[in-house]
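Each of the next two complexes has chain A plus one more chain, namely chain B in the first and chain C in the second.
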Partner chain A sequence: MLSSPTVRTSLIFLAIALVGLLFADIAITASNPWRDLGNFFLGIVTPNFFSSEGLMTALLRTVAFAFVGVALGGIAGFLLALVYRSLPVRMFCAFVRAIHELFWALIFLQFFGFHPLTGVLAIAIPYAGIFAKVYSEILEEADPEPGRALPPGTGVISAFLYTRIPDCWVKMRTYTAYRLECGLRSSAILGFVGLPTLGFYLEASFSQGLYSDAGAMLILFYILIATMPLWVRPKLLPVYILGAPFFLGEGLPIVWGNVQRFFTEDIVPAPLRNGEGLAGLTPWLNDLMINEAMPGIWNTIVLTQIALVATGIISLLAFPLISNHFGGPIRRNAGHVALVIARSTPEYILAYILLQLWGPSMLPAVVALALHNGGIIGHLIGRQTSSIKLRPDAPSGLNRYGWELVPRVYRSFLAFLFYRWEIIMRETAILGILGIYTLGFYVDSAIQNIRFDRAMVLILVTALLNIGVDTLGRYIRRKLALQTMPTC
Partner chain B sequence: MSGFDFSGLTASFSGKRVIGPLSLQINPGEKIALVGKSGAGKSTLIRLIHERVNRDSSLIPQELGLVSALSVFHNVYMGQLDKHATWYNTVTLARPFAKDRTEVNSLLQSLGMTEKLWTPTASLSGGQRQRVAIARALYRNAPVLLADEPVSALDGPMAHSVMTLLRDGFSTSIIALHDVELALKYCTRIVGIQDGQIALDEAAERLAASDIMSLY
Partner chain C sequence: MALNLIRKLVVSSLFCVTAVTASAETFVFTAIPDEDETKLVERFRGVADYLSEQLDVEVRYIPVKSYAAAVSAFRNNQVQLAWFGGLSGVQARRLVEGSEAIAQGVEDEAFETYFIANTNTGIKPAGELSDLESQLKGKTFTFGSKGSTSGRLMPEFYVRDTFDSKPEDFFSRVGFSGNHTRTLRLVEAGTYDVGALNFQVWEKELGDGNIDTDAVQVIWKTPAYPDYQWTIRGDVDERFGEGFKKRVTEALLNLDNPELLESFPRSGFIPASNDDYEPIRKTAEEIGILD
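Moving on to the complex of A and B:
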């Protein structure tokens, strides 16, 4: 078994994670974590839907921001996909999608303030980068034969509309609908930086210990996502997209002086601003790198590697829950519900809740990342195993799991896991805002101290780290000949 | 229209020559059948000729080149995409004009598949798909037909009626055919291909099926 490259790769990553555990800060620091957890679950089973009208408004805003952001990102991404062959466009897209929605929101907040544009752009910009990449991949997979059979002299637009779009339409529609679900999650967590979506409401309820209010919010969010096939209908989409901008709320007006100051003063590195010139820049940059970027990068990598392996373990444990090779329909339905909850809860919200209950350490982050991402991969792999036909006399139970199913799905399991590596790292960095010492922590502190020049450099470092991991992940997937469809 | 004079036709796959160098003269009004074993280079030759006469030809490639998600009507209409403005094509994609609908419909009638006009080609059988590609070539209405095994998926009577349509619809045609009987019946000139070279080039009336069998 050790001679198999997939097993060897897995063991190497397992070893890295185990070494990482030695350096990681894993602890439960809260004085009474289990009582808090109990209170929280009590809140979920006794939800209070009527505590304030704020809940419904927050839900409406969450949907509105998701629709406007995803629609704008989709249109921009489609246009970018048409010119995706150009290297500058590819680099631009890789760069904008390497920066998390919350980082974009933090940047726009500094100059647009609490204007709806902040939330819309925070979703639209990174999504445009992701849409561009996936749309261009889908367009490239279109059958080239019809294009060759066209009469010569056919216009470029006619040729595109007739031979490419119809072939890609279903895939593009499926992916866009899937992205809309991701957009609802992104929109919800934008509330954590002060936009009027669900995250804001959740944070407010938690800080006052109103667990029943928080429980109601979570339940409504699950219902919203689970019922998407019912209310997101092709015929209704134009209504939603045209209507959504009117439900973003007023926010606060943009002060254009702030916008100008941000670009001409705030983000200019301090030494340059104070006239110290390039001579002053080196010590400034050194200080930033050694005291903030390096520890941030180290913690981000350690946490990412542990979370990646934990995600893998959760996925492998979770997929039998929905596989039709195990258990009866009742257990499988329960499994579906569990996995829907795990993957519908944004990791940021999970981490926030666990952090409130267990106190600050890397543990809540690892558990949140593993539950969310493990839920997604477990769901995909479980569905895949259900289409496997076993011989009638195949072993059952643990033998079926270990001998029949895992070997068959292991490659696609690894493909999904390495695909999500970069996503896990992006999330790990952002979880720093909650007080774990990853890159997001240093970005957030720099912004709190009104040192935007430092924040921008740290965000740039984060983006480069993500691009690096993405490249490495793709290299490993190519080396092991693993293929996958995109997930978010 | 003047004929074509091809010389120095060659093609190689990964360094190995599969066609030529060969020369072929085609006179206007000729109906040429390319015959020969599979792998002899007929499809490659069709492709080479298509590259040279692109603008003047209707093409029926072996892979058909249909857009599976589009309806039969739209796939046939694609034969004249170059004859209309972009806005016209775009509107047609959503809502075809009555004039085009009638035209395509009558064409499909002659191929016996009017009831499928709005069916996506993905859900058609192999023979039906082949007839859609034939309808597209007829609709394109170019002076020269280039076809690669256009009736391979059709049953006997249908194959004959389609070959008649193709013979009458184009003044000049070059058709790769493995069916020797059809070649002799519907073509005026038989060109036999063997190992990428012309091994036989004779008027159809002077040949019998047994003369061609030596190529196989």
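Moving on to the complex of A and C:
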């Protein structure tokens, strides 16, 4: 078994995570976490839908920000995909998608303030980078045959529209619809930094222990996502996209002088701004690197590696829940509901909830990341096993799981896991805002102290770390010859 | 139930439409989110109504999610007035030329931070922080918000000054609860052994009977320092008419609605000046929060 490269890779990652556990801060510090958890579930089953007059507006805004952000991101991403061969474009896209939506929002908040543009761009920019990559991959895979059949002299644009687009259309549509669901999650989270979406009220209710109010908001959010196939219809899309900008709320007017100030003063490193020149820059940068970037990077990596392996374990445990090789339809439906909840809850919200209940440490973050990502991968793998036909005399129970199914799906399981590696790291960094000492903690501290020069350097460090992990993940996938479709 | 839901939906969508028509010359203010949001919204909506009546312009309160967001909104001229803490006020006035501290609460001249401990820790109250060294060492500790004066700046200053080490070295775990109410709840529940909070929040919650005194107690009080104040931008006269700043100041100083004052809680507002907050600036520079 050890001769198999996939097994070896798995064991190496397992070992790294176990070593990471020695260094990680894993603890439940709340004195009575189970009582709080109980109160929370009590809140979920006794939801109060009429807590806040703003709730319906917030839900509307959440949808509106998602539509506008994803639409803009999609258009920009499509245009970028057409020139994706160019190295600078590829680097630009890799860079913008390596920065999390919340970081983008925190940046725009500093100069656009509470204007809808802050939320729209926070979604549109990273999504454009992701769309560009995925669209270009889809276009790449288009069958070249129809193009060869064209008469000589056919224009480039006609050729593109009549041979490539028809072949890619379904895939692009499926992916865009999927991305819209991600957009709803991103949009909801933006409320945590002050935009008028669901997260705004969720944070307020939660921090005050109003679990019934928070429960109602979560339930409404699940309903919103679960009913997407019903209300997101191709014919209605133009109506939504044209209508959404009118439901973003008016926010506060933009003062354009602030934009200029941000780029020409705020983010210029303090020593340069104060005229100390390059001589002052080195100690400034050293201090920043040693006291903030290094501990941030270390904690981010440790947490990411543990969360990655935990995600893998949860995925492997979760997929039988929906696989038609196990249990009856009732249990499978319950399994579907559980996995839908796990993957619809943004990991940021899960981590926030668990942090409130268990107290601060890396544990709530690991559990949140593992549940959310494990829910996604478990769902995809489970669906895959359902299409596997076993012999009538195939073993059942644990033997069926261990000897028939897991070996058959293990490669695609690893492919999904390594694809999500970079996503998990991006989330890990952002969870620092909640008080875990990853890179986001230091970014947030710099912003709280109105030191945007430091915040920008730290965000840059985070982006480079993400690009590094993304590259490594792709290298491993290629080395093991793993193929996958994109997930978010 | 469904009908109620529909009604709310209709009302809120109407709200979206009408909100767009609000004029550009609305006087907007904010406040640092130092307590539970519900309380803040209730309190400052009252203040907005009062100011709007006194000043004869539309006044709007914007809730924000962090101290820095309050400072940024003020700096970016998206709000013209703010109820800041000592530190956030100093930060804001450094960034906005011509801005002024115009009024503070009566209690803010001599504000205090209370160190509180969960009774399970067995820590006994003391007159001097240095007496608590052996009892506090290695305990878990929570500040309030990272940008708070009473919840972060002053307690951090006294910890560093008394024990000659960084909080994260002296305590086994250091957290930032987010606000004073959360600090109280977390220490009361035992999630953290010790915490530091705004003494007014403690006194008000105690008076309202919201504290389980068997679970949490005050173990040390800091010496007095200046704290909260109303700070206004220097350019409001140009925008809202000659003498506007003076009218806002007077309106705040004359605020005598007992219910509104009780919600702060302050017994009244008195004049303040930028110089009153010099000690805060020096302390912040000393511990490296301000450059």
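Going forward, the second predicted complex is superposed on the first by the 488 of 488 C-alpha atoms of A that agree within 3 Å, B and C clash if a C-alpha of one lies under 4 Å from a C-alpha of the other, contacts with A are read in each partner's own complex, and residues count from 1 in each chain.
The rule is simple: a contact is a pair of C-beta atoms (placed from the backbone, for glycine too) under 8 Å apart; a residue touches a chain by one contact, two chains touch by 3 or more.
Small disclaimer: the values here were computed from a predicted structure and weren't measured.
When the two complexes are overlaid on their common chain A, residue A:149 makes contact with chain B while staying clear of chain C. In the superposed model, A:209 lies in contact with chain C only, and not with chain B. Looking at the shared chain after the overlay, A:464 reaches neither chain B nor chain C. After overlaying the two complexes on the shared chain, residue contacts for A:158 are found with chain B alone; chain C is out of touch.
Look at A:226: by the touch rule set out above, it reaches neither chain B nor chain C. Counted by residues of chain A touched, the larger count belongs to C, out of chain B and chain C. Under the contact criterion defined above, no residue of chain A touches both chain B in one complex and chain C in the other.
Chain A contributes residues 143, 145-155, 157-159, 161-163, 166-167, 169-170 to its touches with chain B in the complex.
Residues 1, 4-5, 8-9, 11-13, 15-16, 19-20, 22, 24, 28, 36-38, 62, 64-69, 71-73, 75-79, 91, 95, 118, 120, 140, 145-147, 173, 175-176, 178-179, 181-182, 185-186, 189-192, 289-291 of chain C are the ones that touch chain A when the two sit in their complex. On the side of chain B, the complex with chain A involves touching residues 54-55, 59, 61, 63-70, 74, 78-86, 89-90, 93, 133, 136, 140, 142.
Within the complex, the chain A residues that touch chain C are 29-32, 36, 49-50, 53-57, 60, 109-111, 113-114, 192-194, 200, 203-204, 207-209, 246-247, 249-250, 252-253, 255, 258, 270, 359-360, 435, 444-445, 447-451.
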